[in-house]
């Protein structure tokens, strides 16, 4: 048990695209920490503790028994460092994602130099969290874009 | 009358860059729907109904008699689907635009799979709506960046 | 009959990805000219006249009766200008394609200023001509990547 | 004294990355105007006048005697034009920066056509102003990311 | 022993940048296959068998005892499929790399759908193989850009 | 006389786009070295010594009296270092150019760490050298794309 990975995000809400990345990480790593980052200055649409429960339920239903879900207020790199989690998991859909991640990566490396980025390709069509929120605000059915346990709470 | 195209935007305000795209679309398609998307959660600087009238006046002055202007609250893909408008018109200035459009396109295709994206090159120097608003807020003359009927209402 | 479009390429060979673009163009335009550009300085893997026949056979089988296939040695913009074909069709798979096309577009516009670029999204997984050639050189079956009439001659 | 350059930004706060660009500009140009742009509609985290003093103190300590710091409300291009400052200095970390700058550059050129953009490579690892603010909000020591006089006021 | 990864390339020559990626992969995976792809149609500067020996010697000196080096003529995806190697390792230096890899990835996925791409960040300054060849052709010392065993054979 | 800049290229041929960059550099720097890089392994279309003379004639006609043209076989960074030329001039047309330059820049910095890159925006429509060669090969008049003295020798 030493190949620990962290997969941080606001997960507001957690989508099928996120689930796809968690699945890949769950196969490759011994432990996968899904970290819901909360920030007092940024308001969420969905409650972080309820989202935590929904992600845990999703992971359990899928049989991902090495996935740990936590709510964390603070810097992701601090959490990873404190818990000895060296692998940072990110999904890439396109080169906008890539450029964005690279900007953050350089700061995370300053805080936790041992951190190693692992980019997975996000191959399936993935509707983003903000798209789900927008579709939801127009009363659209979003059940095909999020896992069932998430759909129940949004 | 079956080659219908939709050109959505917030048009806050409608600029000469937008007009350039409408002109190109007006020549290629039988009907061009300029759809002003409004969203209760995003406040506008200029009134959507006044902007609609200004765009209609602009189109009339230019002789684009196949341009229809509408104000729509909701998803653009829903409007297109409901009205059988298969062609989605977008202008590309650079590859930031391209990446941005691609992200949205994948969602629109989920809602309305028959939708076909048509990208036109935005060749002329086009001052964006947000730039016009900023220039305007500093009291600058923006008459060279927007059509005359738009200039009258901003 | 005045909405003429040109879709140029080396088509060495013509692939299912190209066919997808031709199909879209065939629906939107009155006439679509598929122009196989040949260049004495660049050797081809497959004979241009045989490829022309294979594309014509493909178009006929698909019922695209407004598709004209020609072999042209020289500048594409010259061909378009001489034949009054104003719309230039290009497929975009990603932003590498976009940047590449933009570089060429600016030259084509110098030669034929009335030329209007129309970019279609290349949505389906498209194996490129060079990939087909490479797969073929390793003896792989490439029948799923090219139309049947093209497969017969490569 | 005629090679004047302007280096505008919100500098909220001024970072070591900014200092690196100022140093390069200070060597190449006769006068370098560091312009802190303020905008009544965008609130700052750190006071602009205090930041001005901190940048001046930093420049003095480094021996950059041709650096002038000003607080300006309004368009940067207007300030440059009014003061006959033809060179616009920008630092590039990656191609997101590049695309962003190009969008603004085209507007600045409309306002002040004689303006010449000079891009320097931002080679050192530079924590951005927003990153410094975020790190600061979590109580982290940011003394290695900003000059000493800036650290004293944030 | 089931987390096998493949790291393909022409390695003409193998550089310190490549070594950095092999090191990361060696820690994360149970077995790492460094595959030197050869192609009768593309001539190499350095002999593939000698390069294989040099890479093996490098891996041995570094203590990477789970690194296997092979010379392979044919498609990388075929090799991976035949040997049940599901993880494809790629290093990313910038978004040109990213776009390039994405183009190839879609073809590899067609051949071997179970293949999973893993992108590592190539953080250290890495002089590419082609740069090493060019520097070498001008008689420059390239000992700092390649591992010692590679330097001995180039 | 200490602000020396180098502007390297194959200049095969030197175009109006190149001339635009030389003009900008000539105003900002005390001395501008236009370095025609030749490489025994890469054949040129136009003779390097004749091109040198044509560029010199162009610079003289334009009154750029601080422009020095040289033919150099070897690494540009070596030439710059040997002659104490710290500023490397590059023109950027788009982000493909940017990414390309960044790749080379990191190597040049290894050879000559004091080298400082200066990117100018290439604003005017610039037909590239390869485009000029292609247009020329089809017998087109290229007089509007290159300076008069260059046109005389191509």
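Chains here go by letter, A, B, C, D, E and F, matching the order in which they are written, and residues are numbered from 1 within each.
We take it that a contact is a pair of C-beta atoms (placed from the backbone, for glycine too) under 8 Å apart; a residue touches a chain by one contact, two chains touch by 3 or more.
None of the values given here were measured: they were computed from a predicted structure.
Engineer: For B-D, find its twin among A-B, A-E or B-C: the pair where over half of the contact pairs carry the same residue numbers.
Structural biologist: So the equivalent interface, with over half the same contact pairs, is A-B.
Engineer: Count the residue numbers both chain A and chain E use at their shared interface, divide by all numbers used there, and answer same if that is over half, different if under half.
Structural biologist: same
Engineer: Between chain D and chain F, what distance separates the C-alpha centroids? Give it in angstrom.
Structural biologist: Centre-to-centre distance between chain D and chain F: 30 Å.
Engineer: Centroid of chain C to centroid of chain F, CA atoms only: how many Å?
Structural biologist: Inter-chain centre distance comes to 35 Å.
Engineer: For chain D and chain E, let me know how many angstrom lie between their CA-based centres, rounded off.
Structural biologist: Averaging C-alpha atoms per chain gives centres 41 Å apart.
Engineer: Using the touch rule from the top of the page, what residues of chain B touch 2 or more other chains?
Structural biologist: Chain B, residues with two or more chain partners: 94-95, 99, 102.
Engineer: Enumerate the contact residues on chain A facing chain B in the complex.
Structural biologist: Per the touch definition, chain A meets chain B at residues 93-96, 125, 127-128, 131, 134-135, 137-138, 140.
Engineer: Give every residue of chain E touching chain C within the complex, in rising order.
Structural biologist: Checking each residue of chain E against chain C gives 41, 74-75, 78, 99-100, 102-103, 106-107, 110-111.
Engineer: Taking the complex as given, what residues does chain A use to touch chain E?
Structural biologist: Interface residues on chain A, with respect to chain E: 3, 24, 28, 87, 92, 95, 98-99, 102, 105, 109, 116-121, 123.
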